[in-house]
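Heads up, the thing below is written out as structure tokens.
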């Protein structure tokens, strides 16, 4: 790696082409590549592919819920398999992999001014293990008994019992193995993202000059590295319970009149481990979205992000707090109810830094010069959706309100709003924003606007009314909503409406995919910096950036990432690598 | 323009939906109207915040949209504004949390005059056990579950002999009397949930969990399982009937105790009871089968 | 979950210390020009590989803290029956300590450029680590022969799980050690060799520490120690 002048710990200004691994063949250039940008595209493509599977699964579920009894092939067994795979794929294999493996790999080296990740070989391994994890997951669809139907939370004892699809077949074993692989692969990638931010920053790039995107991904990765071991532990222990008959999570059980061999395990222990991972996971997905959306809003409103310091502190604060709120997923789990007081308090405290972030986003719009480009539209939609989903979180985090609402459709609506739709809207915004850098061409504007409106309004129409089904008491994870006194005729109609909307929104994603592929060749030429943005990834000599990112010399950073509309400057943006002093009352350094 | 308009419409539409739509909670039938009140408070506070944020955004989009020659203002931060917003948020959050914790302490502290009612969940049916004349439930263990003793009551415990066992049938409760629901499962996680009572709690094999409530309305209420428990989960319904004291006693008089069920002279009914379990357990299994073969 | 929370508190301490050196309260929009004037703000002078390993060890520490947390939570239930540990574990502990000492010697030798001593240290460390693994397997054998099977009791399951997980980490370390050793014989650049040996030593010392901690945990001393602390506090 880059040699460091031992004298003062500051790297020299001019860095020659360093020890990058230069590919010699097509295989090492595009397949077994060690270039973070290629790995990012591999991650994104794989995540999108498996995400499409999860999208189709959600359609199948909505078919059953919206039109019960119409589709014979969706048995309860199949329904639970769909729901489980949909949840697990979307949370882990799509969102986590896309934000950290996809955006993290592409943006971190470019934004901090590095030639590549610090450990490119490990980075490459990370992707291939991720791919293996995805393949193992997919293979469970073809295994005898099908994939597991234990719900994405995989709660024992039912996850490994015969009353659950895949519980006594291959389904659960493949699922746990796949998760273990994913965690190993992720840890390899995560080490890279963290250490690259720590050590790979170019000269002048102090932490406080980093774009919030990097802060978000960096903090999320640190959290993921510390949280995923909990899932790892839970998976290994459950795998032993299932395969070797241990009793970590399995108490004495009488199943259908038969006594099982297990004895003395604690199902609650699994839930603690799972949510110790599971809650930080929410922010592992949310923090990169927070960071990216900050940059989108700032760039397209031509105004510095309001309260940058507060934004950084809020990201760090949310990251730290999110490790002491896990049991708010367990208010009605039967754990000691006195924990409820503590966890309700910590949970609602987290609302404060989160609210600050929302205020700062909307205050960035205030007196801005708002260009309603597609990335900006998605950013605005994100704020609406996220505020909505975040506020319903105040219902569920407040322990006593959670009692009637937990395990109902209200929860489903809440988490889809806040960690499903909201981060996905950011993903779309980010793709429209950075696609020109990745391919050199713009995405089609008309198709993009169509995609935006259908996705934003459609998703809102799916999940906003769903809260009210939960308020009625309709439980989640019901394959059939028949024979229930609380399900009125109109509620069934509402369900059909939600299903139809789900199909429409899903269809819009096909338009988006078409746009992605079509624009690679036919999109308008973008040039190096189409959005007139300040951050380093837009200042590369080539678009798309070549291996090594920055040509002969690494950029030197002279300012923070948000010098938009600075008084006295000619343009309304000043790239981070432009020397000189502008603006009122500035201390030249 | 269009964007600002749509943002306003989202707020107006959401508020109108909230006020006008027919989908709202079921009429309450227990003492937990406190919970409903806390939800109402939460709706008000969060609703105001949602409307304020989105409408402010809509105004910004309308007022500061790009026009030629525009240039954004330069304002890196505003300490005072940010501090004020933080304080206001903290106050709002506290206003949500304090009543919530207050009601929660009521929820976890069971009044001393509450009678015990045991609920036993198994795939995929509900059974119940009421203490007999001694007012105490006998101890139980999943290891003791057999066809003749489907709830796993420990036969050697004298407290258990007079317990009333209601196996895979409806539970009756007297109106106006607080009950402490002791929740137990013999196989997987379940969750005893009656929407009209507002309260619920998971049942965990190997331990006993609880919640309490006072039924305030007579009538028939459906029990739902609210924790995924395998493929029969959506069919795991039960019935709770809240009776007047008279009706309740009449019903209680017809029920059999554990001793009666396991006594040799009662073989007829003892056989009938486990027979009923299997029948009911099988009923759902059979229903799943037919669904599967469809 | 108290063990993992304490561990995370330590991590948070490190993170907080590092963040406190990043001048998080400055107003970045007022500072223009090269940040060279703010010495120490950029990357650390430590080799990147060492920082990478440090982060990885934090993850490993997290993993074992979680196992420990799970162990304590399960231990709290009434039917906990601890199992007697085989005496062989004491010998294994000694072997693992030797392994660490050998690697430390190799580090000292590498810093002084004594290649023979480096080779000796690396070989000794590798062989003793292998001996430790064999010893652990023999301890497992002994336990199963005595009837303490994996699935017969939660305490047994935890014993096999935690020692197995530790063994796997040693095994992974042996791969890295093997690469360094090959380098030591094939004439790797002195700077590179020194870094490799130092990384191995760091990993070895950490795993020794983990082993001592889980040995104390499995033998029940950790619980006694926590009880004493609790009594002192109350």
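Labels A, B and C are assigned to the chains in the order they are written; within every chain, residues are numbered from 1.
As a working rule, a contact is a pair of C-beta atoms (placed from the backbone, for glycine too) under 8 Å apart; a residue touches a chain by one contact, two chains touch by 3 or more.
Chain identities (UniProt): A = Cytochrome c oxidase subunit 1; B = cytochrome-c oxidase; C = Cytochrome c oxidase subunit 3.
Just so we're clear, the structure is a prediction, and the values are computed from it rather than from any experiment.
Ranked by separation of Cα centres from subunit C, the top chain is B.
Chain A has its Cα centroid nearest to the centroid of all protein Cα atoms in the structure. Inter-chain centre distance (subunit A to subunit B, centres taken as mean C-alpha positions): 31 Å. Between subunit B and subunit C the centroid-to-centroid distance comes to 45 Å (mean Cα coordinates, whole Å). Taken residue by residue, subunit C touches two or more other chains at 27, 29, whereas all remaining positions touch fewer. Touching of two or more other chains is recorded for residues 265-266, 304, 308-309, 562, 583 of subunit A. In subunit B, the residues that reach two or more other chains under the touch definition are 76-77. Subunit A meets subunit B in the complex at residues 72, 75-77, 80, 149-151, 155, 157-158, 161, 163-165, 167, 251-257, 259, 265-268, 301-304, 306-310, 332-334, 337-338, 340-341, 344-345, 348-349, 351-352, 355-356, 358-360, 362-363, 365-372, 377, 380, 383-384, 387-388, 391-392, 394-395, 398-401, 403-408, 457, 460, 464-465, 468-469, 471-473, 475, 477-481, 483-486, 488, 490-491, 494, 562, 564-567, 572, 583-584. Note for the complex: subunit C touches subunit A at residues 1, 4-5, 8, 11-12, 15, 19, 22-45, 48-49, 51-52, 55-56, 58-59, 62-63, 66-67, 70, 73-74, 77, 79, 150-151, 153-154, 157-158, 161, 165. Across the interface of their complex, subunit A is touched by residues 3, 6-7, 10, 14, 17, 21-26, 32, 34-35, 38-39, 42, 45-46, 49-50, 53-54, 56-57, 60-61, 64-66, 70-78, 81-82, 85-86, 89-90, 93, 96-97, 100-101, 103-105, 107-108, 122-124, 141-143, 145, 147, 152, 183, 186-189, 191, 193, 195-196, 198-207, 209, 211, 221-222, 224-235, 237, 278, 281, 285, 288, 291-292, 294 of subunit B.
Listing the residues of subunit A that touch subunit C in their complex gives 1, 4, 6, 8-11, 13, 118-119, 187, 191, 194-195, 198-201, 203-209, 222, 225-226, 229-230, 232-233, 236-237, 240, 244-248, 261, 264-266, 269, 272-273, 276, 304, 308-309, 312-313, 316, 320, 323-324, 556-560, 562-563, 579-583, 585-589.
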